[in-house]
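Okay, handing you the structure first.
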Amino acid sequence: MSSWIRASGTPNTLAGGQPSTRLRPAWPTWRSPKATAGAAILVAVVLLALLSDWIAPFAPTQMHPADRFAPPGGRYLLGTDFFGRDLWSRILAGYRTSLAIASLAVGFALTVGGTLGVAAGYAGGRVDTLIMRSMDVLFAFPVLLLAITIVVILGAGTATTVLAIGIVYVPIFARIARGPTLVVREQAYVEAARSLGATTAWILRRHVVPNVSTPLLVQTSVNLATAILFESALSFLGLGAQPPYPSLGQMVSEGRPYLELSPWPTVAPGLAIAVVVLGFNLLGDGLQELLDPRLRVERF
Amino acid sequence: MRIHVVTVLLAGVLALLASTGGTQGVRPQPGGVIRVGITQEILNLDPHVATAFSSFQVLDLVYESLLRLNPQTLRLEPNLAESWTVSPDGLTYTFRLRRGATFHDGSQVDATDVKYTIDRILDPATKSPQASFLEPVREVTAVDPFTVRITLKRPYAPFLSILTGPGRGIVPVNFEEKVRDPRIQTLGSGPYRLERFSTSAVRLVRHDRYWRRDGGGVRLPYADAVEFRVIPDPATLRAALRAGEVDLIVGFGVDVSAAQALSTVSGIRVQSAPDLAYSLVGIQNERAPLNDLRVRQALSLAVDRAAIARVVYSGRAAVAGPIPPTLEEWQPLPPARLPNYTPNLARARQLVQQAAQGRVALRVMPIPTVPEALQIAQVLREQVAPAGFAVEIEQVDFATFLARWRSSQFDLFVSLNGGSIDPDLHLYRHIHSTGSTNVFKFRDATVDALLDQGRSTLDVARRVRIYRDLQVQIAEKVPFLFLNYADVFAASRTQLRGFVLSSTRSMAPLAESWLVR
Amino acid sequence: MQRYLAQRLWQLPLVLLSVSAVVFSVMHLIPGDPAQLLLGFENTDPVQLARVRREFGLDRPIPVQYAIWLGRILRGELGTSVRTGRPIAQVIAEALPFTLELALYALVLAVAIGIPLGVWAGTERSRSVDMASQAFVLLGLSLPSFWVGTVLILVFSVRLRWFPILSYPRLVDDPLQNLWSLLLPALTLAVPNAAAIARMVRASMRAVRSEEYIRVAYAKGLTSQAVVRRHMLRNALVPVVTLIGIVAGYLLGGSVVVEQVFAIPGLGRTGLQAIVQRDYPLLQAVVLLVTTLFVLTNLAVDLVYVLLDPRIRYA
């Protein structure tokens, strides 16, 4: 069965290999320096974000009009912005927002997309066609444009950003989940199991899930990275979380008219984004190397 | 010894002459094209129907009114009317028109044109937004070709001020037959006439028989043409100025930080003038708990207007009340003498405690077309929080803002209101219970009475006293919050000489500007 | 292969049709009266509203409305921009060249940077250099494009003044200045894609390098350079071509942010302004156009890919 269009991905069978039916290895030992580095960064960032209320020296919306555009150092670790708000505190709060939105969005896509993909792969026939053709239509839209359109309909804000990014990512997860499911379904042992009276649920759990979880896991990590970039792009364009609650992309945007007065309000949040995205990318690459180097990962 | 003194004196005098020769000695050069950059598209050039600021910037040069405002002193001066008299009862104005003023088609400007103009504005078929300003007019009579008599229904103090400005520009008789589509074609008496129109670029060329001359008797204007170019993005507009593609930007496009940055660039000159426009926090007076005077007063006491001036305007703004501080002849009261103007968080908290058990939740809507509005909203939110106000910022697009503003569907909003040199024009329509832009639903008998008195009293000294009482009343009753009168900036290339930035942001001074080439 | 080609081409109109259906339905999902949306909020004249309702058949059932709308689009009647009153076709015709040029420029830069970088990384033996290049590549993928663009502006336009700020002459008017002024935005767009290309080239080369026939070539006595040129590159590049195609498609949609940062008057920026100004007819046209271009590009990429390597089967 060929797909109508393929917007962003190479076929999963480049190497033409067979899926494995063995359970993936019990939690991989971190032999990959990449994965270790990535995980370390992420753990640090997540901790910072979760504990931001306690470790931030100031409230993120608190203004100090006398100290506007202060350079890093002294009282303000990374300096202050147009209103005299501490950049470090805002970045911590922004991390929380970005991570929350990214994980909720990817979680949504994983759940909905994964389910749709497995359903399509396992049920086959008309159901498969219907689901995958719908996914293809979604795939036809450039990613950012689709998200923007959804936000336009639903209105800007945190909740709609989660939904927009989530919806855009659903087709990717659907496609990732479908492939291994299809192959598993054709296997002899599945036929055998069914003839012995095994329920669909049991087959799904015992054979399908182990085979889709690895690629889904790697894809999740990669998509978390792009989701953060995505969310920050949306908030940069003014379509994400609304002021005064800090969001990293919006902070970069706010600082732009005043670059000549002080570059820090723009430079610092951008670096903060890069750090956490780097963490996810390292982790995703590391996982891919560890778990299945043959995996083709959808990048966009 | 004496020779030495004389030599020194001579040298000194020569040096003095040489130094002044640098700028004042330069004579205006005729010719050239002055290019003005603006951010808003030009949609309508009918002087009596247009409402957009961009339209008026063009209209300033194409149409003229009976009187004009001196750009520097903001005083009324003769324009198409050479002189005028007012009857003692204030109901009859007689204007002597200047001879020698012509429209762009060569015909003389005379009294019949003035009558036609005012009749056109008042005609319901024209649907002119200027009609409400001229509502007190009972009748216009052309006594002789160069004398016009206007009688009013009642004494109306701001009448002469209304006769300035392009919205009341004089058009020729049978304007609508001579000009098929007044939105995109013009026929005025101003220094420039329309040559080419598009919504993103307008070209005006010199009116060769323009009546005004400079001090040396040279006929104005100097430049051959003025072009308006629309560049919607302010940063791009400023880049065009630096690149030499535009000669002048006024107001929108040059805010405080941009002005600061541009003032260090060689080849660019930055001017500033105190603005008549003011930033405000609009309040819906009929919504609970804002309908409680104590809550409104608490809001006024919790806001630190000076801090807003420091943060949002980098200090280039004045804290003031209902009367613009630059209009000294109206003796605007300093903030210290206005009730509820000096920040007092303790008192604010007390009032909120009494009126609303210590907590008031409000939503504020900043106007999206003015970047400072969102910044003010953010500062405001922080300032009033300790007093018990929980303010949520709601950003909407302009169409929604406009709709909600018109129908008073808001708790609070932050915006910029245009100002005027006459206190009545500045205040009446916003604050009087019958005011056309009183979206605040404010009603107070004392304030209404003072506004009516101020409008109908012709004696200046008495008017000053009335408006002084009114300022106190307004600050006491808080229909909405007056915040700051910021400076307005203009950036121009040094090749452009003779342009004076006025608090009204008028483009009219371009008639006396020239390009050094 | 013939069959595959035919299949894809035959399916194309169906894809475009469904895309247009989605774009059309957006107008009806947005809260508010569609007639008002089409006319713009400032115009509340009931006569005009009625006219719009008639012209677009807004009181007819939805499928009929869709047919009417589609008919107009296919005839080239894209409508009028609510904000400026200018014909939408004209607005788009002015904006499209910038977006296309930017995408092409960025593609060229991404390939020109990515492939050599990937080849170099793929042939380097030293472990530390390899790790450094990997880190570099990952960094390129992690930096947000709007940030990269802003920093480039700060350093090269504001501080060093090498590049003009925010003025873009058209290619036909002043080609040299046009290419110079678009260099920074094209570079910004190119960075993550160059990184992706470099990474894939490196992986491909590493995979190929360990293959038998390469070792045979070395055994035969070919120099390193000759080996690279003759064998490794050609085989390593096959999957890369697809990636390039993907990149091309992505560039079209991803240019919104870069156009905004650099204030380039392209389609992305036009679309964004249409959203802000609630100019829905313009927004519809832009989304439809960009998506159509995207679909066509992807189709072309798929076809090229199949031509290059007919061994590939599709699941």
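Labels A, B and C are assigned to the chains in the order they are written; within every chain, residues are numbered from 1.
Convention: a contact is a pair of C-beta atoms (placed from the backbone, for glycine too) under 8 Å apart; a residue touches a chain by one contact, two chains touch by 3 or more.
Since this is a predicted model, take the numbers as computed values, not measurements.
Comparing chain pairs A-C and B-C, the larger number of C-beta contacts belongs to A-C. Ranked by how close its mean Cα position lies to the mean of all protein Cα atoms, the top chain is C. Subunit A and subunit B, compared by their mean Cα positions, are separated by 51 Å.
One inter-chain figure worth recording: subunit A and subunit C are separated by 21 Å, centre to centre, where each centre is the mean of the chain's CA atoms.
Distance between subunit B and subunit C, defined via averaged C-alpha coordinates, is recorded as 45 Å.
Subunit B has residues 235 in contact with two or more other chains. Shared contact sites, meaning residues of subunit C that touch two or more other chains, are absent. Of all residues in subunit A, those that touch two or more other chains are 260. Residue ranges of subunit B in contact with subunit C, taken from their complex: 41, 199-200, 232-233, 235-236, 239-240, 242-243, 245, 397-399, 402-403. Across the interface of their complex, subunit B is touched by residues 61-63, 65, 68, 82-84, 156, 242-244, 257-258, 260-261 of subunit A. Subunit C meets subunit A in the complex at residues 4, 7-8, 11, 14-15, 18-19, 22, 26, 29-30, 134, 138-139, 141-147, 150-151, 153-154, 158, 196, 239, 242-243, 246, 249-250, 252-254, 256-257, 260-261, 271-272, 275, 283, 287, 290-291, 294-295, 298-299, 302, 312-315.
The touching residues of subunit A, when paired with subunit C in their complex, are 1-14, 16, 34, 136-137, 140-145, 148-149, 152-153, 179, 182, 225, 229, 232-233, 236-237, 249, 252-253, 256, 259-260, 263, 266-267, 269-271, 273-275, 277-278, 281-282, 285, 299-300. Interface residues of subunit B, counted against subunit A in their complex, comprise 235, 257-258, 260-261, 307, 310-311, 371, 374-375, 378-379, 381-382, 393-395.
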